[in-house]
Amino acid sequence: MIHAAIIGATGYAGAELVRLLGGHPEVEITGLSSVSFAGQPIADVYPNFKKKALPVLTDEDTAIQGADVVFASLPHGLSEPLAEKCAAQNTLLIDLGADFRLESEADYEEWYKKPFDKPELHGGAVYALPELFRDRIKTAGIIANPGCYPTAAALGLAPALKNGLVQTEGIIIDAKSGVTGAGRGLTQNTHYPETNESISAYKIGAHRHTPEIEQTLSHMAGVGIKLTFVPHLLPVNRGIEETIYVKLKDGVTMDAVRSAYVEFYKDEQFVRLEKDGNVAQIRCVTRSNYCDISLHCDKRTGTLIVCSCIDNMVKGAAGQAIQNMNIYFNLPESMGIDALPAGF
Amino acid sequence: MIHAAIIGATGYAGAELVRLLGGHPEVEITGLSSVSFAGQPIADVYPNFKKKALPVLTDEDTAIQGADVVFASLPHGLSEPLAEKCAAQNTLLIDLGADFRLESEADYEEWYKKPFDKPELHGGAVYALPELFRDRIKTAGIIANPGCYPTAAALGLAPALKNGLVQTEGIIIDAKSGVTGAGRGLTQNTHYPETNESISAYKIGAHRHTPEIEQTLSHMAGVGIKLTFVPHLLPVNRGIEETIYVKLKDGVTMDAVRSAYVEFYKDEQFVRLEKDGNVAQIRCVTRSNYCDISLHCDKRTGTLIVCSCIDNMVKGAAGQAIQNMNIYFNLPESMGIDALPAGF
Amino acid sequence: MIHAAIIGATGYAGAELVRLLGGHPEVEITGLSSVSFAGQPIADVYPNFKKKALPVLTDEDTAIQGADVVFASLPHGLSEPLAEKCAAQNTLLIDLGADFRLESEADYEEWYKKPFDKPELHGGAVYALPELFRDRIKTAGIIANPGCYPTAAALGLAPALKNGLVQTEGIIIDAKSGVTGAGRGLTQNTHYPETNESISAYKIGAHRHTPEIEQTLSHMAGVGIKLTFVPHLLPVNRGIEETIYVKLKDGVTMDAVRSAYVEFYKDEQFVRLEKDGNVAQIRCVTRSNYCDISLHCDKRTGTLIVCSCIDNMVKGAAGQAIQNMNIYFNLPESMGIDALPAGF
Amino acid sequence: MIHAAIIGATGYAGAELVRLLGGHPEVEITGLSSVSFAGQPIADVYPNFKKKALPVLTDEDTAIQGADVVFASLPHGLSEPLAEKCAAQNTLLIDLGADFRLESEADYEEWYKKPFDKPELHGGAVYALPELFRDRIKTAGIIANPGCYPTAAALGLAPALKNGLVQTEGIIIDAKSGVTGAGRGLTQNTHYPETNESISAYKIGAHRHTPEIEQTLSHMAGVGIKLTFVPHLLPVNRGIEETIYVKLKDGVTMDAVRSAYVEFYKDEQFVRLEKDGNVAQIRCVTRSNYCDISLHCDKRTGTLIVCSCIDNMVKGAAGQAIQNMNIYFNLPESMGIDALPAGF
């Protein structure tokens, strides 16, 4: 059994790790940490977990003792010191936060307003989006788990960019996310009566996932990409839908596009292409590790439109982290995260 | 008192006309028609109207007798014969359907797969978006009430296009609509468990509101515009949010953009510009006739992003129809439609 | 014009007063107070009110100057000192809080854990549920506006109790309320992801509306009533549904019950009895001042089941307060609160 | 591997069986039937299942061939002929419908308006609520899987009745169910805009689950019980909450009640008692096989109030059916249905 610790266990991503690792046949949860609730059973915070045998919440140092793998879901800036502790005890860190995602320290400083605290650790970090960078994960020093919006965006555009089918300028990503993406902390915007029956954009052109999306897409395209990314707060608990607009290169047909996507994902169990005419929708991926993608063309304007859906807490966070753990530890990649979505 | 008939009174737009005209101080509802429920009180279909004195549902011909104004909310193709009847009895028709919105019969044929049935009537029809075409409404033969998506799009982009601040190519409109926009008829897509907790795009690049949006924006810009329009079904009852992406012309500043919008709407009571930093959101316009607009810039890509919100059933249908009626009959423009939105 | 001040204007009930009084033809809002936001325009807190001319938020003393009527929506204990100030300047106080609702100081102490601060003021206070106590409202010193749950309960049971048709023991009220009933303040229970897609009871047998319900029902029955009241938090923004269980007296028929209700409410414009077979539902009263009531019988157990629905923010708060104001100032009782519910 | 067929696979309970059996380590789904969609892949109806290898939809006779167990989710009246076919090929039938739940044919006729078609089959049928009747399940001829409302009610009241702690007269069950309980078929009541933001009771005192609830509770109490049951349609996808009111017998303390429940369920993995002060809520059981129960007392009226929550599609249908299958085939009782609820 793999001994796993979860740091930041009482945030929504942490709780989702508890849920999924709690059912993983090769994992034993040996540590759970929380700053606010240390000393309490996690079922005091998440009564949905009552009756499940789980470690009491402790501080971070206690939680990671004896762990083979540490999952961290922390505000940015807090994973770097944790990474150092994990390295010291030779434990794999899978970081669900932002500290190790950006390769360029300049980008990190621009968007997070601080330099890398421990730049020497970053060399071993791998941006672990399995469908794109699987080979590097097995030997990672630190696994930087991708953000939710970037996962849907990268999977939605990678085949088109990798195959040079679309223009790299003018890409627009209109993203909608369920409210769990905003976390468990209380805000007026996520107070029920002010979220329900509404939608609005936020952090327009200024969301910190922007450079992460651009980094991956630039790797795919082989050229630097700047794009427009606008997220919206959607009145649902879970799920991300991204409608992505990109210009087709002259002469590229939808058949060519479709073939490229089929080929690119032919061995991927967690990416599902919709058949022609269907549209990806959140309810078909909720609580699963799938990414559903549909391809459309606005012939009048030569625009490829990609709809890409994931569950922000699973493929966008805890599920993908476990997928990465499975890869690293040579387990079947879908172990513990192969539940079918319910559809309702 | 103005005698008003509502044709198609048991659809959602019809019911919204009943609600708003039922409280209008200068209107008496004298006729209500319904194909499916003729002979019944409307409170059998809409129990929310019980105890309000309202005419029994009848057929169309009975309903329009003695009316000064006829509001029609019908599937396309059915308003043209009704328009002929209204003309014959010298009654104003305010058509909430699509029959008289498109000026070009070729466009109509392309998108609706049929020609105009009564082309001679179309000359007197006015596309009645008051903030853009107010002067023509007072003398209209037929009032073509704009569609919901086109209203939000036109108000969101008119000042930028009219003032030549943005490029006319590459405009993208990512629209989200509440489920009442899909009507009262039953479909699997609008069955509660399959709409709730989800979102998906539909009629991608193929929605019939596309040519209507293009028609208005082309008038504003003075050149023909082709754009990409993608609507989504949003799990709320009411409201439309459109996030509109358009490239700024070189050298145009956001100050210039903002000034143009302020000037353009300075005398408009139903258009509200958000102050800098705020974002338009559906809940602030729900059940009101307001259109809220916020302006944003993605400086990294030179993109103007406009968020435009309306209630699809009010400013996007019944409310705007009453605004047009008020203009036509020289009543205060906001009479009967000046309720403040609740915000929750 | 009646000059009206709203104390506690930035809570949900306060905002609803702004919305409704803002459209009342005989009222001018002359003062708005807020402890947290004094000095700001209310549109900073409720952007749905932007563009409407409204007083800037001030402290309480400033807001009530020159007012003919003061509406207060405050935590319990704060209305008594305000009442003294209103009395001193000869201004009517309509209190939406709990301070003046209970006639018995012993009951107040038991449920609110404090005595009356100003017992001398209580003699002039009237529990102002118009359909039951209209005559006393015109001459009230202070208008104690009923609570939301008590309004639906009292209207649902008054005719049966007044006419002695049901037993007074064993009454059970299973109530469900929209989330606005919990207020604008942030709590984990009303954080969107933990309210949405769920329901649960709260304050079981311990809600402070219990003695208020019992007080009114005891007056109706002419004997003291103790009952069981269990509220639930319902994942909707607005509305209360109460399913009320009460044993029929031997030999009482449903015809007799129905006749008693029809007679009792025959002149009431805001109470609507469902026709036989229909069931009262929240969506038919939302954003209106109506109370919809349906009557049912479980013959197998001799139980009368009453379903009673109101909008908690309108008939359960701001709307009823305005109804009371209208009565007091000899205006038509429905002025400013006669909007039809939309049904969706 | 156990070969399982699902009859009525495209209803919501059928789809939930596909989801859960699709992840069961000892089951292979070998047949799926549908009247409406025979010949199609189930992913055409439930796109959430795309990419999962599943049998094509067929007719009933084809689907059951070679099955070790047949799960049926059919309108009442259709399971009896199916039971005969299963008996003929010596296959276990687990019936999620109503045909075999009621022991008394008189009750069945009263509530379903038809006699048993094949009374000779009923002797071998077992009402399979595992926590109450586990011993009989292993030797059942037909497994009658309990209804959703009856499961929550029976588990909520069994310990109190079995131990004689409460009165058997005057029991009231106020139940609220998510919309999936109404099925996949389209109705105006479950059309999104008319379900959302509302609640209402339905089939008041007349729901067909009433005699099923009474049958089980009568067995527990050892005397015949008649009670009042009122279900409500709740605007959530899944879950049932029942608030149950029952009079405590004189002298019975809440300590005694609590002890009885603890003892009764001490070995049950799927029943979870809330600790004192907590309230059972739907979101803590959603998509799991748990039943959460909280106990409360209204001392003022001597009323025991039990809140009982399940997921209507899991413990109320497919999950419990699989629990029964596991018992019958001597598998660990929680195999394939031990997923933790997410809480959001």
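By letter and in written order, the chains are A, B, C and D; residue numbering begins at 1 in each of them.
Note that in this section contacts are C-beta pairs under 8 Å (C-beta built on N, C-alpha and C of every residue); 3 or more make two chains touch, one makes a residue touch a chain.
Small disclaimer: the values here were computed from a predicted structure and weren't measured.
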Most remote chain, CA-based centroid, reference being chain B:
D
Which of C-D and A-D has more C-beta pairs touching across its chains:
C-D
Whole-Å distance, C-alpha centre of chain B to that of chain D, is 46
Could you put a whole-Å number on the gap between the CA centroids of chain C and chain D?
39
Roughly how far is chain A from chain D, going centre to centre by Cα mean, in whole Å?
36
Where in chain A do residues touch at least two different other chains?
12, 180, 193, 196-197, 235-238, 281, 283, 343-344
Of all residues in chain B, those that touch chain C in their complex
12, 15-16, 18-19, 22-23, 46-52, 180, 197, 237-238, 269, 272, 274, 278, 281, 283-285, 287-288, 290, 313, 338-344
Okay, in this complex, where on chain A does chain B touch?
170, 172, 174, 176, 193-194, 196-202, 204-205, 226-228, 230, 232, 234-239, 241, 243, 245, 279-283, 286, 296-301, 303, 305, 307, 309, 343-344
Quick one: in the complex, what on chain A touches chain C?
12, 178-180, 184, 186-188, 190-193, 195-197, 235-237
